[in-house]
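Below: a set of structures, written as structure tokens.
Okay, so chain A shows up in both of these, paired with chain B first and chain C after.
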Partner chain A sequence: MRWLIALLVAAHAIVLFAGFFAPYDPAAQNRDFSFASPTRLHLRDAGGKLHLRPFVYALKDSATEAGGYEEDTSRPHRLRFLVTGQGYKLAGVIPSQWHLFGVADEGRVFLLGTDRFGRDQLSRLLYGGQISILAGLLATSFSLLAGALVGCVAGYFGGWPDRALMSGAELFLALPWLYLLLGVRAVLPLHLGPAQAFLLVTSVIGLIGWARPARMVRGIVLSAKERNYVTAARGFGASGPYLLRRHILPETYGVLLTQATLLLPQYILAEVTLSFLGLGIAEPTPSWGNMLGALQEYHVVASYWWMFAPVLLLFPLFLGYFGLAGLLQKRMQTYAN
Partner chain B sequence: MGSFNKAKVCKAVVIVCLVLLGSGRSSATAAQPIAAGEEVLTSNAEAGRGGGRIVVALRAEPKTLNPVTSGDQPSREVIHRMIGDLIHINRATQLTEPALAKSWTVSKDGRTYTVHLRRGIRFSDGQPFDADDVVFSFQVYEDEKINSPQRDLLVVGGKPIAARKVDAHTVEFQMAQPYAAAERLFDTVAMLPKHMLEADYRAGKLAQAWGLNSPASSVVGLGPFRLKEYVAGQRVVLERNPYYWKADRKKVRLPYLDEIVFLFVNSEDAQVLRFTAGETDVISRLGPDNFAVLEKDQAARGFRMYDLGPGLEYSFLFFNLNSVLPKNSEGLAQKQKWFQDVRFRQAISAGIDRSGINKLVYRRRGSVLATQVTPAYKNWIDAAVPQPVRSVPKARDLLQRAGFKWASDGRLTDGAGTPVEFSIATSASNAQRTQTATIIQDDLKELGIKVNVVPLDFRSLLDRVYQSHDYEAVVLALGGGDVDPNPQMNVWLSNGSTHLWDLGETKPATPWEAEIDRLMNQQLTTLDARQRKKLYDRVQEIVAEDLPLICLVSPHILVGAKATLGNFQPAILDHYTLWNADELYLKAKP
Partner chain C sequence: MRIAAYLGKRLLRALVLLLGVSVLTFVLAELAPGNFFDDMRLNPQISPKTLAGLRQQHGLDDPLPVRYGHWLRAVARGDLGYSFAYNSPVTPLLAVRARNTLLLAIPAMLIAWALAIPLGVWSASREGRWPDRVTSSATSFLVAVPDLLLALGGLMLAVRTRWFPVGGMEAAGATGTGDLARHLVLPVTILVLSALPLLVRHVRSAMLEVLEAPFIQAARGHGIPRTELLYRHALPAAANPLTSLLGFSIATLLSGSLLVEVIMSWPGLGPLLLEAVLGRDLYVVIGSVMLSTLFLLTGMFAADVLLYTLDPRIRRPS
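Right after this comes the complex of A and B.
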């Protein structure tokens, strides 16, 4: 299972250092290459000659298909590694100009194709991950922390705190969020910077999501506190906080982990909905949410398969999270035994 | 045994379906024979085959079936199949033609129209139509209390057009002053049945009459179809009007179709799926992207797609020039100093790559615009206004002359050193607007201007533009009802209800707005077509120079229909596809 962790660490490292791995600025438009399909890497040129280093051909408008592109075999461009290009800040801190790969001068390499504005999908995917993963993880942990706290207090103490907290949770579940968010949008300033938008997205999603885990945790705490070993510990004079920490909370870890693996993908997608209300990550900043938003258009689904790229990345990533959760759970069980 | 049962069930289902279909067929009322003395209008269209139904998708559920109060697109799409007018604008030729009016004469001063009605015409409930209904209809449309959206057009020189019955089949219309293109006004006024609506009108309830849940027999009109049923959330079904006043060359009473079914399918993408699945017969208001997908396999799937060229819609960017601003908006007031400088607006206009927008957003199925007059207004284009071309040097020069400077990092700052940054609000549900704004954002980055694109829910966007005035710039589009400047009056008059950039002006805020006011009012009362064109040319020149709206692109009208639909003749005027629903027919399957 070590490879799973290694894989997850690698994926996150690539996203964290997106500037280095991405060949282009994610906002740079290439208006001549709207919806260009992924650039093919060649080792054999049009004349059949083999080359040691991979190269790409320049693109030109297709003669046969309107709006399509084809390779211009008269203009090859060698793929180079460790090249200087557009400046960026590595991990958001260190200024740098180095990119893992690129092609010389006017050549372009779009390994995952381009979107409507001719922006490199690979670069957008990597940069978008920075925002989406962080927002998703933060919002998930916020939801779960708040949920666990509220659930524990409500379940363990019962009585009026329980009634008050659970009515609160029900109120949150019953609120018409869409209309509430429309109201929130109206009082906010028209423009939100990327940092503000990020915070807003995180807190909105986290705030909406805490009620369900809270109810689940409460249920578990309710049943756990009547278990024999808890009663026994209480009989030996264990204090409330000790009981919660040592005996009751561990019972809820399983549920929290499952919730985490379920909430994270939901939260990454929730941003699509928020951007419809003007609360999401605004153009031209990429995020997985707004990249997936393009798939709501029929013609994109029908004609441009490479626009599914975020899905191809999200799928193994979520599987990875899922595997990680399973692993942790197993560990805890063996530990408990 | 199991499979045997299944087959049986299938058979039973098929039989039930057939019975249902059969009953549907027989319930469609047969057309009434043409009576002696009934002055039916003979259509020039190719003679077709009677029977059948077509299914059309609407973007939203209609709000009403009342032609007087309806303002929304889906309602009008349905209502216009059920109403008749006196003089009609042929959507294909764009010329006026006789409809319920057999003929008409105009007095020399252009202020009196005498209209002669067809005789022997009946409403869809069989009751006769005469001059009393015409006078009643105009009375209703012009009633201030009913507040019809069409009322503004019927008020000429501050006074509503006066309709007077001369005899049972003659009506005289009197206007306070001569009115250009007055004939075209009659197209928007539906003839209402006095016998059905007079009681409601007297009781002050006409605006509420003919809601969606009214009994089908109470909704009476002179259109080719009449209401059959409305199923909330699903569909409106119209059936043939057996008394319709048009016949084809073979003296067969129109319409050919038995029924039109309007389904409610709320997004373009969902409509495309329905259309490709063969569930709907006609598709309209397509975006260029979906059009490209459908066009690719039109032959294989048995439909035909039509690119009708630019329509009347024009998209534009405009800045907030309102004098009344929301409280606590010093920032906005500060920015308004830039927006109010015409050189700033000219620089923005010069900096925008309109052909890039046309290419990326509209896939070249659009026309770049310098003014509000799209190529569809063939007779109104001012050749003196040059086509807009992107020029960064020109934009920089204009900004420099307006006192802007560039900081060392390339950012544009105003004279006081404030970096130039503004936001463009768009409708989040309209992908094309947001895409347009994203291109403008990238274009202006080259001038050192930071633009923030803010997609908003459409209602809140309109609220900001019309009510709170809390915005900096907006990308929007406006359509047009007719190839004539008159329906655009409310945009260009400084006190107009759609004078977007500065709403609620009591008097023109700038000299050029005053000049537009004067020109628009003058063209309204000028009868000579050439003179009118000259006046409207000047308006276009002012718009291109002072840029209250920075016009961008006019999208093409893109529609499609099954190849088996006969007489399908889509037009760039509203309603693009079904305007000749009376002549549409289903060709026999080969």
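Right after this comes the complex of A and C.
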């Protein structure tokens, strides 16, 4: 449990402080190095001498028929740590120039290769994570808020509002979410500013998923409102909203937390899918989804494996989230017993 | 409850849901800024008068309830409206695409369930021992694999190895079922893999609950053979949660299928919907969403019928 949480926290911290861990600006283009493969780190130079500090070779156009790039062994660049470079805002707030690593002069280090415009994949992956994870978090909180609200109203008041809301929830649960998402996306303007697009996309994703948390919250509210302490508080003259806030809602926190860990990966994937299809967050702002958009071309799929990086990264991340959800569920069960 | 009454009630509910979805999509579409003809306004070759004529011809200037009424009456006649982009009625357009989507989704669903049931039952019947542990950890790994990764990975496999045709539904010039089957293998496999882990998990947990019931103990005591016990006695009793899962599995399969269709350029509903969304082709969007809902409701209805035949508890008046 501890190491899982530690790993997740570390992963999110790296994404949050992307500016420091990324060697380059995510929008910085190197038109000469389109689709360069990941730069190799060397310890042994062309003469066979061993170095303590890893170094990279500069790239030059390959002389072979196949094209691509090859290493120019006459121009080594030592890898330096804690270097100053392109300015950025740490976590979007603190201005800084420090990067974890980099190479001097005209050398380039692309640990995960470059995309079509020669932009560093690693930097884009880290900055893109900020967008994608933030989209997931925002959408999750929209969903939970809407779900908790609907669930409380339905569970507490019962009667026809309950029936109407719950059949609505059934409808939303039953619809194929991607069709629904595209259907809703269809009605929004296609071309938006990056901030607007981000907000719209996240709220669409989040609001489509309100049904499942609403049903769960409703179930808990139904049972909680009959508890003795709630009846007692009501006897003392407590009002409905007060009862809900003070006595009933706290019972749902555990379920909401578990739901959050389950919804977050779904919503990250939803953003990735939408942006992959070209309906989400648009270039040049990097997101994991629009980075994958390059894979809609067969030759990119066939030749440049490093373009898969974002979707490959999703797998361990999701494994972490699901693992956390499982642990939370187990903990809540033992707590309930 | 008699079967006619039970199924009638279910059918009615499905119709109400379908109507609800149609109202929802219409209202959403009404809120949308812009329509298909707005882009034409920029074209100097088309006069504003022509545009106004087009708008009027397609009834875009009428108020929403009027348009919805028109549309509903047309749908009752089997006419889903007019595609601006294809310049043809929507119904035949959707029919071809829907057939292709079903060609992908139905085999995928059948295979996924045909694999999930034995796997789940097997794993539940050996709870805590190695078959269970292996399946459980395999499913919890597979659950975390995004559909997108499966689909893109499949595409890469096809492009690199050439074992499978890369995308599309038929090779140029080739006809016949053999060619179609070759094109089906990869997308269907991807869909099965994406649906399977969740299904196995649910079958397992539903079975575990039933296996603890006293009647299973009794049946075991009577010396009923293992396989018969599991499949003849325990599985039907576990069917109730599973049939409602069937509906959801169709929903996730349709969503997954959209993605796979787009990535593998399979000419199904998915790419059509995507195109329509990008092109603001209103009636195609509404038609695709409605059609996917219809598939889903049909699947759920089939599940209800199945449940009725499997579980005698449903037949008794409550």
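Just so it is clear, the second predicted complex is superposed on the first by the 225 of 337 C-alpha atoms of A that agree within 3 Å, B and C clash if a C-alpha of one lies under 4 Å from a C-alpha of the other, contacts with A are read in each partner's own complex, and residues count from 1 in each chain.
One rule holds in what follows: a contact is a pair of C-beta atoms (placed from the backbone, for glycine too) under 8 Å apart; a residue touches a chain by one contact, two chains touch by 3 or more.
Note that the structure is predicted; figures quoted are calculated from it, not measured.
Peer 1: By the touch definition at the top of the document, which applies to A:I205: first (chain B), second (chain C), both, or neither?
Peer 2: After superposition on chain A, A:I205 lies in contact with neither partner.
Peer 1: Of chain B and chain C, which one contacts the greater number of residues in chain A?
Peer 2: After superposing on chain A, more of chain A is contacted by C.
Peer 1: So in the superposed three-chain picture, is A:Y179 touching just chain B, just chain C, both, or none of them (first/second/both/neither)?
Peer 2: The answer is second: A:Y179 touches chain C but not chain B.
Peer 1: Just checking: does A:R116 make contact with chain B only, chain C only, both, or neither of them? Give me first, second, both or neither.
Peer 2: First partner only, chain B.
Peer 1: Now for A:L274: first (chain B), second (chain C), both, or neither, which partner does it touch?
Peer 2: Neither chain B nor chain C is touched by A:L274.
Peer 1: After lining up the shared chain so the two structures overlap, which partner does A:V150 touch, if you call chain B first and chain C second: first, second, both or neither?
Peer 2: neither
Peer 1: Once chain A of both complexes is superposed, is A:L292 in touch with chain B (first), chain C (second), both, or neither?
Peer 2: In the superposition, A:L292 touches chain C alone.
Peer 1: Now for A:A302: first (chain B), second (chain C), both, or neither, which partner does it touch?
Peer 2: Both partners.
Peer 1: Applying the document's definition of touch, where does A:L171 land relative to chain B and chain C: first, second, both, or neither?
Peer 2: second
Peer 1: Could you tell me if A:A22 is touching chain B, chain C, both of them or neither one (first, second, both, neither)?
Peer 2: neither
Peer 1: Let me check the overlay on chain A: which residues of chain A are in contact with chain B and also with chain C?
Peer 2: Correct list for chain A: 182, 185-186, 190, 276-278, 296, 298, 302.
Peer 1: Using the touch definition from the top, list the residues of chain A that touch chain C in their complex.
Peer 2: Contact set of chain A toward chain C: 168, 170-171, 173-180, 182-190, 265, 269, 272-273, 276-279, 292, 295-296, 298, 301-302, 305, 308, 311-312, 314-316, 318-319, 322, 326.
Peer 1: Quick one: in the complex, what on chain B touches chain A?
Peer 2: On the chain B side, the touching residues are 268-269, 272-273, 287, 289-290, 292-293, 353, 356, 359-361, 363, 423, 425, 428-429, 431, 434-435, 437-439, 441-442, 452-457, 459-460, 463-464, 470-472.
Peer 1: Could you list, by residue number, the parts of chain C that touch chain A in their complex?
Peer 2: 17, 20-21, 25, 28-29, 31-34, 140-141, 143-149, 152-153, 155-156, 159-160, 166-167, 247-248, 250-252, 254-256, 258-259, 262-263, 273-274, 276-278, 280, 285-286, 288-289, 292-293, 296-297, 300
Peer 1: Taking the touch rule as given, give the residues of chain A at its contact with chain B in the complex, in rising order.
Peer 2: Touching chain B: residues 27, 29, 31, 34, 66-67, 116-118, 182, 185-186, 190-191, 275-278, 282-284, 296-300, 302-303 of chain A.
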